[in-house]
Amino acid sequence: MMKLGLIGAGRIGRLHGEIITYHVPKAEIKTVAEVYADEKTIEWASSLAIENVTKDYKEILKDDEIKGVIIASSTDTHADLIIESAKAGKDIFCEKPIDFNIDKIKEALKAVEDAGVKLQIGFNRRFDHNFRRVRELVDGNKVGDVHIVKITSRDPAPPPIEYIKVSGGLFFDMTIHDFDMARYLSGSEVEEVHAVGTVLVDEKIGEAGDIDTAVITLKFENGAIGIIDNSRQAVYGYDQRVEVFGSKGCAVANNDYPDTVRLSTDENVSTDKPLFFFLERYYDSYVQEFKSFVNALAEDKTPPVVGIDGLQPVLIGMAAYKSMKEKRTVKLSELF
Amino acid sequence: MMKLGLIGAGRIGRLHGEIITYHVPKAEIKTVAEVYADEKTIEWASSLAIENVTKDYKEILKDDEIKGVIIASSTDTHADLIIESAKAGKDIFCEKPIDFNIDKIKEALKAVEDAGVKLQIGFNRRFDHNFRRVRELVDGNKVGDVHIVKITSRDPAPPPIEYIKVSGGLFFDMTIHDFDMARYLSGSEVEEVHAVGTVLVDEKIGEAGDIDTAVITLKFENGAIGIIDNSRQAVYGYDQRVEVFGSKGCAVANNDYPDTVRLSTDENVSTDKPLFFFLERYYDSYVQEFKSFVNALAEDKTPPVVGIDGLQPVLIGMAAYKSMKEKRTVKLSELF
Amino acid sequence: MMKLGLIGAGRIGRLHGEIITYHVPKAEIKTVAEVYADEKTIEWASSLAIENVTKDYKEILKDDEIKGVIIASSTDTHADLIIESAKAGKDIFCEKPIDFNIDKIKEALKAVEDAGVKLQIGFNRRFDHNFRRVRELVDGNKVGDVHIVKITSRDPAPPPIEYIKVSGGLFFDMTIHDFDMARYLSGSEVEEVHAVGTVLVDEKIGEAGDIDTAVITLKFENGAIGIIDNSRQAVYGYDQRVEVFGSKGCAVANNDYPDTVRLSTDENVSTDKPLFFFLERYYDSYVQEFKSFVNALAEDKTPPVVGIDGLQPVLIGMAAYKSMKEKRTVKLSELF
Amino acid sequence: MMKLGLIGAGRIGRLHGEIITYHVPKAEIKTVAEVYADEKTIEWASSLAIENVTKDYKEILKDDEIKGVIIASSTDTHADLIIESAKAGKDIFCEKPIDFNIDKIKEALKAVEDAGVKLQIGFNRRFDHNFRRVRELVDGNKVGDVHIVKITSRDPAPPPIEYIKVSGGLFFDMTIHDFDMARYLSGSEVEEVHAVGTVLVDEKIGEAGDIDTAVITLKFENGAIGIIDNSRQAVYGYDQRVEVFGSKGCAVANNDYPDTVRLSTDENVSTDKPLFFFLERYYDSYVQEFKSFVNALAEDKTPPVVGIDGLQPVLIGMAAYKSMKEKRTVKLSELF
C-alpha cells in the first residue's frame, strides 16, 4: 500500500483525498497538511481513516514512509512546495497552474529535474472518457493530419467575484484547461495566439478587471489551427465539447447527460440538460488521473502529464492576454 | 412522354396526380375519371394541365394512347377496375388494399396474369429513404440472418369515426402498411399471427366496432419473429420507426424531423417533433413509387411491388382479427 | 455503521460485497457465509476487510449485531433462507428469483410477513438511471395514461450450455428482469401473456430444451399492452432499451455508450458499441439498490422492491411457457 | 403567371431555371440570355418549356412582359447588369457576390435605390430549414442575448485550381456565405475581423495564391463574438453546422443525413455520411429563396435579402484578407 501526503484540504484537496481513499486501492493518504486545519478538517480526515492531520506540511516531507505528495494548496504556494518536495525526494502531484510567473515555474521544474523525482500536473480532463477517446482516434491516425481543433468550454455559472479577483482571470482560471486540451488533442505545441474577450454575462466581472466571454485562436507548430470558446455562464449546464478535424475525418465529442431518455410530447422532444458541473462530469477523470499517478510511481514510469505541460498553458494564457490587449496575433516566442 | 389515366380524384388520387405532374418527367396524366367530378375537379385538373376530365373511367380504358391506369377510387371498386383494366390491356397501379375478400383479390390477380399486363400495388413506404436503407442493409447481409423485425406505426390523430366505420378497421386501414413492411424488411412470408387490440384512445372508436391500440406478433417462414405496435394517436406526431435485428447486427430507422436543431436551455434540451403526418413524411416515397412504376412500364420490367404483395397483407390482417377474437395464435394456412 | 451478513460468495455475491464495501458508507459486511468457502474466499473477504468467513450461514442468523442478510446463494436455497432469516428476525435482501415454485414463494413471503421483517428483491434494473427516469416521467404524468410499454433486452452472448440446463430457461434466467421492468414501468399488474420463442442463435440451446429468441406480449390490468423482445446474442453488445407510450407522449430510453465521440470518415459516421454487459451497464444500479436497502433498514421504511415483486415475475414466466407451448393467450389467473 | 428573365445559363443559372420551372408555380422563365448559348442551351431551355433563348441580355431588359431578372452570369458582370436592369425598371435577383470592388457595389446599390426596384441577393442558405430554425429561435428570444455565434463550413473537396485562380479566393468564394450567415444569425453587423488561413489540403492551392483552411473571428456591434472555421476538404462530405449561444440557451444545428438509420455491429454503430454537397443539402433552400423572391415581387414587399446584405460580406472578406496578412485584428471601419 503506497502512502501519500496531501498538502491542502480545501475543496479540491478534499476531493483528491476522497478519490484516493475510495477509488485507488493501491494507495492511501497517510497525512493531511492544512494550514487552516480545524475540528472539521480532523472530522473529515477521520471519515476517510486518514491517520494524521497537521498544520505543517514539513511533517509530510520528513516522513520516510510517504512516497508522494499531492499539492492542492493555493496557487501561490505551488512552486515553492514543488521545490521543497523535490528536494525531500518526494514524487509530486501538483494542481494546475504551477504559477503565473514563468521564471518560478522554470525554477520548480529545474528542481524536479535535479532531484530526479516524478512530477504530474493536475490536468484531469486528459483522463475524461470522451476526450481520451478523441485523442486515441488522433493517435490511431483515424483523423489523419490534424487541421482544426475546436474546444467549447463553458461553465454553468460564474464563480464569486472575490474568486475572480485573485484567480488570475478567465484565461488562467478556466481557459488554462482548454490550452492544455488543445496541446493534448493536436499533439503539437502552440506557436501563435489571438484572443478576443469581452463582458457579456455580468458587469461586475468587468469591474473586477476580468472578462466572461472569450474566443481564442491558436496556430500550432504542426500547422493546425485551434479555436477555443469560453463563457462563464451556460444556463443549461456545463458545456464541454471538443472536435478534431483532419485529412481523414472528424472526431466530435459531445457532452455527457444524466440519462439517455427522450420524451416526445405535443410540444417537442426533450432530454435532460448536460451533467451540471465539473464534479459530475469529471469525477471519473479524477479517479483515472490518480490511478495513473500511483501507477507511474509504483512502476517507476514517467507520469502522463509532466512539467512542460504545466509551463506551456501559462505561456499561452499570457500570450492570450497580450493579444487581447494589443489586438494582434502574438507569437509565444515573443514571451521568452 | 408516357400517357396515364387516373381513376379517382379524391385526396389520394389528387396527390398522385400532382406527384406525376411535378416529379415524374417521363409521364403525364392524360385523363382523370372521377364519378363525382364537378367544377372543382375540372379546376384542379386544369391547374395540372390535365387535358380531360370525365365521370366515366371507360373513356380511359378505351383510349389507345393511354398506357397505364392509376386506380385511386374507393376500395370496393379496386378489384373490378383491375379486371377491366387488365382486359383492356392497360398496365395498372392500384392503391392498397385490393379488396377485403380473398377470392376477389385472387380473381383480380388472375385477370392480370391472363392479360399479361403489369400491376403495382401502392405500398409507398417501401420507397421511404429510411426503410429502403434498412432493407438494403438486410439485403447486403449487414444484419446477417434476420431474427427480430420491429415496426412502430402510430398516427398523430384518429381519422373521423365515419371513416373508421367503413375502413375495414385498424388492421385493414392502418396496419396493412405494416404487414407489408414486415414482409419487405424480413424478406420472408408470414406463417403465424397473434394480435392484441384494445380501445384506449377514444371510446367512440370502440362503439364503432374498431380498436385504436394494437400489438401484433408475427412468425415468419424463415424463423424470424415480428412485432408491430400501433396507435391511432401519438400526440407528438407521426411515429414511424422500424428495426431489424439479426445474427450480425441491428439496423434501426428513426423518425424524420423538420430540422436538426437542438435547443439547450435552463429547462432541458429540446428539438422539434417528428414530421407531422404521411404527407410530410412519405411525400418523397410517393414520388419514388411512381418513378418506379413509370420506369417498369417504360423498360418493360416487373414493378417493385406486385400482386402477391397485395394479397398477403390482407390475409395477415384477417388472421390478426381471428387471433384477437379467439385469443390464440392463428396460422395463415388456416385461412385457405 | 450497519452490519450485514452475506450468504453466498459466488460471482454475484462478491459483486454485492464489493459494492457495499466501496459504495455504501453506512453499512459493512461483517460475515460471509459460503458453503464452498476456501482460501480464495478468505483472501477475497480480507481484501474487503470483512471480518468473518464461514461455511455455515447460521452463524450470521445467530449474530445479534447483524441487522440484515443478503441472500446471493443458488436459487434453490433462496426460499428456505428467507424463511430462516425471517424467523431469526433479520431484514432480508434476496437475489431474484425467489424460487420457481409458486407455493414456496408464497410460503417465504408469509414467513416475512409473520416475522414483520423487511424483504427487498434484487431487481437492480429499477435503479438504472435511464429506466428510473422513464418511471419518473410516467409517475409525473408526462406520458399520460400508459398505452404501450416496450422492452428490448438482449445479451451480448449466450451463457454456457451447462448454465442454461439449470437456469430455468430464458424466461426465468433473463426475461424475469423484463417482466419486473414491465410492471415497474406500467405501474400495473399483468393479466394476460402471449409468448413466441424459438432457437435462432445456437442449436445447442435448443438441444438443451431452451430457446434463445423470444417475443412476449403482455396485457396489463390498466388496459395497456406490453411487448418484450429477447435474444441471447446481440453481437454489438448488451442491448437494454425501454419505451413507454401514452396519451400525453412517449418516453424512450436508449442504451449507454462508453463515450459520446462520433467519428466521421469517408466511409461513414461511427460511434463505439453500447456498454458491453451487465457489469458495465448496471454497476451503478447495484450501488443504488443497496443504498436503498440500507436506507430502508436505517429509517425503518418499506424497501423499494418487495415480496410481491418477487412473486409476480415468476407467475408471468410460467404463463409465458404455457402460452408458448399451447400457442394461445394465457391468463395469469389460470395459474392460481 | 409572373414572367422572369434569366441572364446566365451556366451551372447555377440552369439550377435556378429548373427550380423556378418545377417548384415556383406562380412564375416562369420567359427568356434565357446566355452569351455562349449553343445547341445544348436551346435543348435545355426547351426541356423546361422556356420560350426564348438569346445571346443578348438586352432582349430581356426591353421585354415589357418580364417583371424580374435573375442574374447568374459571371461575377464581373453582376454590378453592371444590376445597374442596367434597374434602369430598365426590372426587379432583380443577383447571385452573390455582387462584386469584389466596394465602389462598384455601392454604385449598383445606388442604381437600385434610384430606380426604386427590388433587389434580392442570392444568399440561399438563409432559407435552409436548419439555419432558419436557429434564426427563429434567436428572433423568438429563446437563446436570449447573443454571446457567441459559431459556423462550421467545410466543402467535401476543393474546386479545380483554375476556378480558385479566378474565384477571389476562399474568403470570397466560400466564406462569403458564412459571413452572411454570421450576420443573419447574430442579427448584428460585424465590427472587427481576425483571420488565420493556411494551406493544409493541397499545396497547389497555395501555389495558386490561395488558402484551403481558415479560422475567422468576428466581433459584432452588439458585443457578440463569432467564429467561422473553413476547410476545402472534409472527406466525409459537406459539413454545414451552426451554433448560437446566448444568455438564455444555445441552439445547435447539425448536418442533414440521407436517412436516420443506425447500424450496430460487432465493430461499431454507424450511420451514413452527411448529404454530399450543396445541391443535396441546399436544394430546398434554393426553392424557398425563389418563392420568397417571387412573393416579394407579387406582393410588392421588400425581399428578404437586400442590397446591404450584398455589400457587408465583401467588406468582411476584405478585412479578413487584411487581417491574415497583417496578423492583427482589423476594424471594418478601416476599409471605408
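Residue numbering begins at 1 within each chain, and the chains themselves are lettered A, B, C and D in the order written.
The rule is simple: a residue touches a chain if its C-beta (ideal position, glycine included) is under 8 Å from a C-beta of that chain, and two chains touch if they have at least 3 such contacts.
Computed from a prediction, not measured in an experiment: that's the story for all the values here.
Please identify which chain has its centre, taken as the mean of its CA atoms, farthest from the centre of chain B.
Using the mean of the C-alpha atoms as each chain's centre, the farthest one from chain B is A.
Could you compare the number of C-beta pairs in contact for A-B with that for A-C and name the larger?
A-C
Round to the nearest whole Å and give the separation of the Cα centres of chain A and chain C.
One centre to the other, that is 40 Å.
What is the distance in Å between the mean C-alpha positions of chain A and chain B?
Computed from C-alpha means, the inter-chain centre distance equals 58 Å.
Quick check: what residues of chain D touch more than one other chain, meaning two or more?
Each of 234-236, 239, 248-250, 264-266, 272 in chain D touches at least two other chains.
Okay, in this complex, where on chain B does chain C touch?
My answer: residues 145, 147-148, 150, 154, 192, 194, 196, 198, 200-201, 213-215, 217, 219, 223-225, 227, 229, 231, 233-236, 239, 245, 247-250, 327-329.
Across the complex, what residues on chain B touch chain D?
22, 129-130, 132-134, 137, 142-143, 248-256, 258-266, 272
Contact residues on chain B for chain A in the complex?
Of all residues in chain B, those touching chain A are 234-237, 239, 257, 264-274.
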